[in-house]
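What follows is a set of structures to go through.
You will see chain A twice below: alongside chain B first, and alongside chain C after that.
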Partner chain A sequence: MFAQLAWRNIWRNPRRTAIILLAIFMGVFSMIFFAAFSRGMANGMVNNAIDNLVGHIKIQHPDYRSDPDISHRIDDPRSVMDEIRPELPDGSKIVQRIRVEGVAANARETAGIEITGIEPSKEKGVSFIGDAPIEGEMLEEDDEHGILLGAALADRFDTEVGKKLVLTTQRADGETQSRAFRIRGLYHAEIQATEKAYVFITLDAARKLVGNKNCATEIAVTLPENKADRALEQTVSKCKEALKPFNLSVYDWMEQIPAMKAYLAMFDMFLYIWFVVVFIAMGFGIVNTVLMAVFERMREFGLLKAIGMKPAWIIRMVLGESLFLLIAGCAAGTLCSLAFTWYVAVTGIDLGSFAQGVKMWGMSRMIYPAIDIGDVIAANAVVIVLGLIVSVYPAVKAARFTPVETMRQN
Partner chain B sequence: MNAVSASNVSKIYMQGDVKVTALNKVSLEVAPGEFVALAGPSGSGKTTLLNLIGGLDEPDGGKISVNGKDFANMSSGDLAELRLSQIGFVFQSYNLIPVFTAEENVEYILQLQGEGKAERKKKARAMLDDVGLEGKYDRKPAQLSGGQQQRVAVARALVSNPTLILADEPTANLDSVTGESLLRTMREMNQKHGVTFIFSTHDSMVMNAAKRLVSMKDGAIVDDKVK
Partner chain C sequence: MGDLKLAWRNIWRHTRRSILTMMAIGFASLLLVFMLSFQFGSYEGMIDASVRLSTGHLQVQAQGYHDKPEMRKVVKNPRKVMDALSRTPGVEACTARCQTFVLASSEDRTRGVMIMGVDPETESRVLKTSSLIRQGEYLSSDDPNTVIIGALLAERLKIGLGEELTILGQARDGSIAATVMTVRGIFKSGIDEVDRSTVQMLLTDFDQLFGMDGAVHAVVAVVHKLTEVGEIKNTVMQDDALKGLAVLDWMELSPGLKQSIQMDLVSGIIMYVILIIVVAFSIMNTFLMAVFERTREFGVMMAIGVKPLRLVKIILMESMFMTGLGLLFGMILGALLTQYFAGAGISMGGAADLMAQYGISGRMYPRLSLITLFSGPILIGVVTFFTALLPALRIPRLKPANAMKAV
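Let's look at the complex of A and B:
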């Protein structure tokens, strides 16, 4: 009957109950949707970072990260790839690349860039360049004179498809080497800085440029999407074990871009701060509503005490009313936000109108909100637990009314 | 052992900076099964004395005991327990829980006493039948007349088998016919169950029905007649 009384009490003033339910609904809805949107945005940023020639796993010479010089190369990348291939989950993709620093120049401009030698057909699904929209043509496998330029870099050089560009870098023997390439295409990337940083030539052309016929500076692995999170740690340790005789380093993507890992940790913290901020706004509404409901029923609480109801039972009843409100609001907010988020997760949210801004921040143009069950539980837990805590004040107030005082009020 | 024993009980209220003596060294003994009316004009101290006897308020002086239990030695929790198990209240303005039906209002007090669902339903209906509310179990207070609501309040006060019922001007909001009928019901309950009744009233009909009439004025008992 306590529950029955509490339930009926909250419907004594349907308009007030509807308003507070709406506030809880909006709060929970915004918490869950904002969390999913933010996670979708973070996922997009992580995927962009992984696509940006990082991959889930990378194998390099131990000194290459601190000094990305051709002298810190992998001399026999084929053998390394053959060694780790059995350790990778089905559907994994593996590529070798040469990445060296160099200078690009034409008649108008000179700029420091990263020369990236790739096997063009194998980059599909591994890095952004495999799937990037290209004005002009993609490089052919045997194209020893072609080059792909970022659209932003082409703007800076005031050049276009078909024109020449000279690349200069250091050879494996320490000498400087320059070669002219013809621009086959201009690629577009999610991040503008990428377009300015990388130029792509074929792996064979890069080998010729650095003067070593077999080498690579890195081997990158991309895991299948559905296994990327679960299999990463295990695959990294298997690769490390397999590559012990080679004296090479194996990194997962978080080791390669530690700033992203730190960002994600900070992002989690901000999300929970957001939850608390939303709750604080909502909490005032809850306290106010419960207090109003308590003060309206002072006489009744006095009566309940007069007939022998103990203060603890009154506290339990008022908290029961709050609990009903909180559960009803949370349930409605959660169901609607999940339904809406699932719908939006399929269609995606197009940030096209902010295209320049999102490019600058490394975000994807399309955001696909991602529901994390932990966020859903956290949002509900924050609202219900803190909601009950803030309801203790009006509940104690109700329990403290003395029968005589309340009767005298009327 | 007396059902109620009040000895030299005083109560002073502050109205702003002015002290108002609501009760001035009042003494009253009520034996079990008595049907007592506290009569007197407004401000004579009737309601204050009832509240003190019911443990709803604390005296500023004197001693009160119900069924031999001295309030001075009891905590607020003990007093709540005593009210729940031994004292029933009937208020002038009924004070029913508006969201409960008549049956639930009566049943609720049994739940507070820890009675099982089936048993409390049976007792609540029987008590409503006793006060003449057969078939009105599912009506909420707003769907009942004043007299019917007061009957529900009487049923609620009686259902927990108290030894003492304190009724604060129970007929004040009722017409004479309804008031008389209610009074008859309470008298029957007094005779049938041996429950002690103490009323506060300034209704001559209630005073006539009482077996003992205690008259009060200015916070003191001025007359005490057994009929």
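Let's look at the complex of A and C:
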């Protein structure tokens, strides 16, 4: 009965109800859309980072991370891969690479780069290079003299497809080795720093360059998209178990890029603070409206009390009214923001005008807002719970009116 | 005068409601003052970090050097350029610098590195590399043939203080330049890219080794006030000593920094606009109700000869009083809060590592300025004015006879 009474009460003044609903609607809408937008941005950053030769899981020599030198390599990577393959969920991809620091030079320019030996056909869907747009050609599997260069680096070297580039690095035996490569193609990456940092040659060519026929510096695993979150922890521990006999370390992506993990943690906190801030902004409106509604109806509350309604029931009725307002506003705001986000997510939001700033922070140019069900629940919970809490004040006011006093008014 | 008094009294007829409305406005403006100050403070921190670690506020270079740094593109007479810069008011200090890419080898490792030739006396006035030394000492002109190297590089080269570093590169004329240097110090800037790939040596050693013949690649200057950079740049460009040379400011030297500031500002502004809209809706109700409730009162006033427009004026005055008071309190509290944190700083917790990558320290210092103090509240003021205008404009449509009948 209280519910019915409360529901009817809020429609006794439709205009006031409509305005307060609009305020709640705006608040919830902006909370959810903003959350989806920034989460989309964060997801873009994470995916970019994982794509950037990180992968979900990585297996390396225990000392490679602190000192990425060929002496910290994985010998006989095949057998390691065979060992962990049965532990991975279906649809996982696994690649081996050699990554060593080196120097690239042509007649005009010299620069420090990272020489990355890959199996070109296997990188598809694993790292950015497998799917990057390439001017010229992708490396062939058995190409021992071909090299892929980032477009930005090629620009700096003033070179183009078909020309030569000399790579120098340190061999496994400590000697310095130089070899000439022919540029097969120029790749484009989301982040310019990436284009300047990596040159790609085939794994076989890299093995020759470092002078070790059967080695890799890392084995990277990419989990299938739908399992990336859930299966990660489990797969990592299974891999660790399987690799016990080898002297190797297994890292998940969060361990590989701790800064990103810290960023994500801060991001969640920031979002919830923002929710509360927006709530406070509309909270004043909620209190004010409910308070006005209460004061206008002093006489009514007095009367109700006079005919025997208990103060607690009045509190219940007033809280019921604001609960209805809050639920209606939240529902409308949630539905509309979901629809709007979904609509925007199809095309994505282009941050092209801030291209370089975007690149500096490792984000994608295109942002696809991502709805996280937790954010939606949090936004609604913040509004409804805090909304009810602030409504207690007007409700208690209403319950305190004494019949005689109020009925004298007006 | 009478109208003002009337408006003022009207506000206090509903003390509670008015105070709540003012609190909503005050809260929004407090938040805006603080957030904007925080943002601008962090930008200044970012710019300062970047400027003091590598680029300086201004650089004088040969035309085209910035886009394609090549050994042969030089500033031939750095002395003249530095004199010109020192003459310019607002310039704090300047220094000359050379840089090129070389192979650096320790006993059993070889890496490609960026080597910089710096003049320790002037350099330490411009940049703070000298304060980043973690082991050993900064370069000194009394101790030639020494280098300082980045901490990560030292790790990778497996080299320590007092050990020898072999340097192999190309001189200005294209011939081979090679020498052996002793490690005098190891520095750590916190920016991995710098710590992994930078070596600094004395400018005089660089000059000799690479046959620079007194020429340098850049003259780096810092100024007293960030806001004056543009002005100083223009003045400097007029100077005869700089004919044929390019003058670049920090925005051109690190465009990524400028754009990421813009991007952050835009996303900040989007947040503020959302906040202001939410506040506007939440106070619109109060303004609307204040008008609807008083239909009868307006009817009476019109009946006794008050012109409708005068009523509109009184209503607007009421809402402006409330807005003004709210803004005032918001600004005062916002300014106090900002000033408090400007002294204490705000710790960024877990994000500090991430920011260290970009050369920003883990503590942010909000910075109150006229812009951060007034721009938010003014925007709120404008929005609330229009929010209040909407209900007020209904008054002229009232007919006194009908209005007096209203409850």
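Everything that follows uses one rule, which is that the second predicted complex is superposed on the first by the 399 of 410 C-alpha atoms of A that agree within 3 Å, B and C clash if a C-alpha of one lies under 4 Å from a C-alpha of the other, contacts with A are read in each partner's own complex, and residues count from 1 in each chain.
Keep in mind that, in the parts below, a contact is a pair of C-beta atoms (placed from the backbone, for glycine too) under 8 Å apart; a residue touches a chain by one contact, two chains touch by 3 or more.
Here the structure is a predicted model, which is why all the values come from computation and not from measurement.
**Student:** By the touch definition at the top of the document, which applies to A:M266: first (chain B), second (chain C), both, or neither?
**Tutor:** second
**Student:** After superposing on the shared chain, does chain C or chain B touch more chain A residues?
**Tutor:** Touched residues of chain A are more numerous for C.
**Student:** Looking at the overlay, does A:L5 come into contact with chain B only (first), chain C only (second), both, or neither?
**Tutor:** The answer is first: A:L5 touches chain B but not chain C.
**Student:** Please work out whether A:N247 is in contact with chain B alone, chain C alone, both, or neither, and reply first, second, both or neither.
**Tutor:** Neither: A:N247 stays clear of chain B and chain C.
**Student:** Quick one: is A:F34 in contact with chain B, with chain C, with both, or with neither? Answer first, second, both or neither.
**Tutor:** second
**Student:** Mind working out whether A:Q170 is in touch with chain B, chain C, both or neither, as first, second, both or neither?
**Tutor:** A:Q170: touches chain C, not chain B.
**Student:** Identify the partner contact of A:E300: answer first if only chain B is touched, second if only chain C is, both if each is, neither if none is.
**Tutor:** A:E300 sits against chain B, while chain C stays out of touch.
**Student:** Touching A:V277 in the superposition: chain B (first), chain C (second), both, neither?
**Tutor:** second
**Student:** Touching residues of chain B toward chain A in the complex: what are they?
**Tutor:** 51, 54, 56-57, 76-77, 80-85, 87-89, 91, 93, 95, 97-100, 104, 107-109, 111-112, 156
**Student:** Within the complex, which stretch of chain C touches chain A?
**Tutor:** Residues 16-17, 20-21, 23-24, 27-28, 31, 68, 70, 101-103, 105, 108-114, 155-156, 158, 169-170, 197, 255-264, 266, 270-271, 274-275, 277-279, 281-286, 288-289, 292-293, 348-354, 357-358 of chain C touch chain A in their complex.
**Student:** Please give the residue numbers of chain A that touch chain C in the complex, ascending.
**Tutor:** Touch list, chain A to chain C: 15-16, 19-20, 22-23, 26-27, 30, 34, 66-69, 101-103, 108-113, 156, 158, 168, 170, 174, 176, 258-260, 262-263, 265-266, 274, 277-278, 280-289, 291-292, 296, 351, 354-361.
**Student:** Across the complex, what residues on chain A touch chain B?
**Tutor:** Contacts found on chain A: 1-2, 4-5, 8-9, 11-12, 299-300, 303-311, 313, 402-404, 407, 410.
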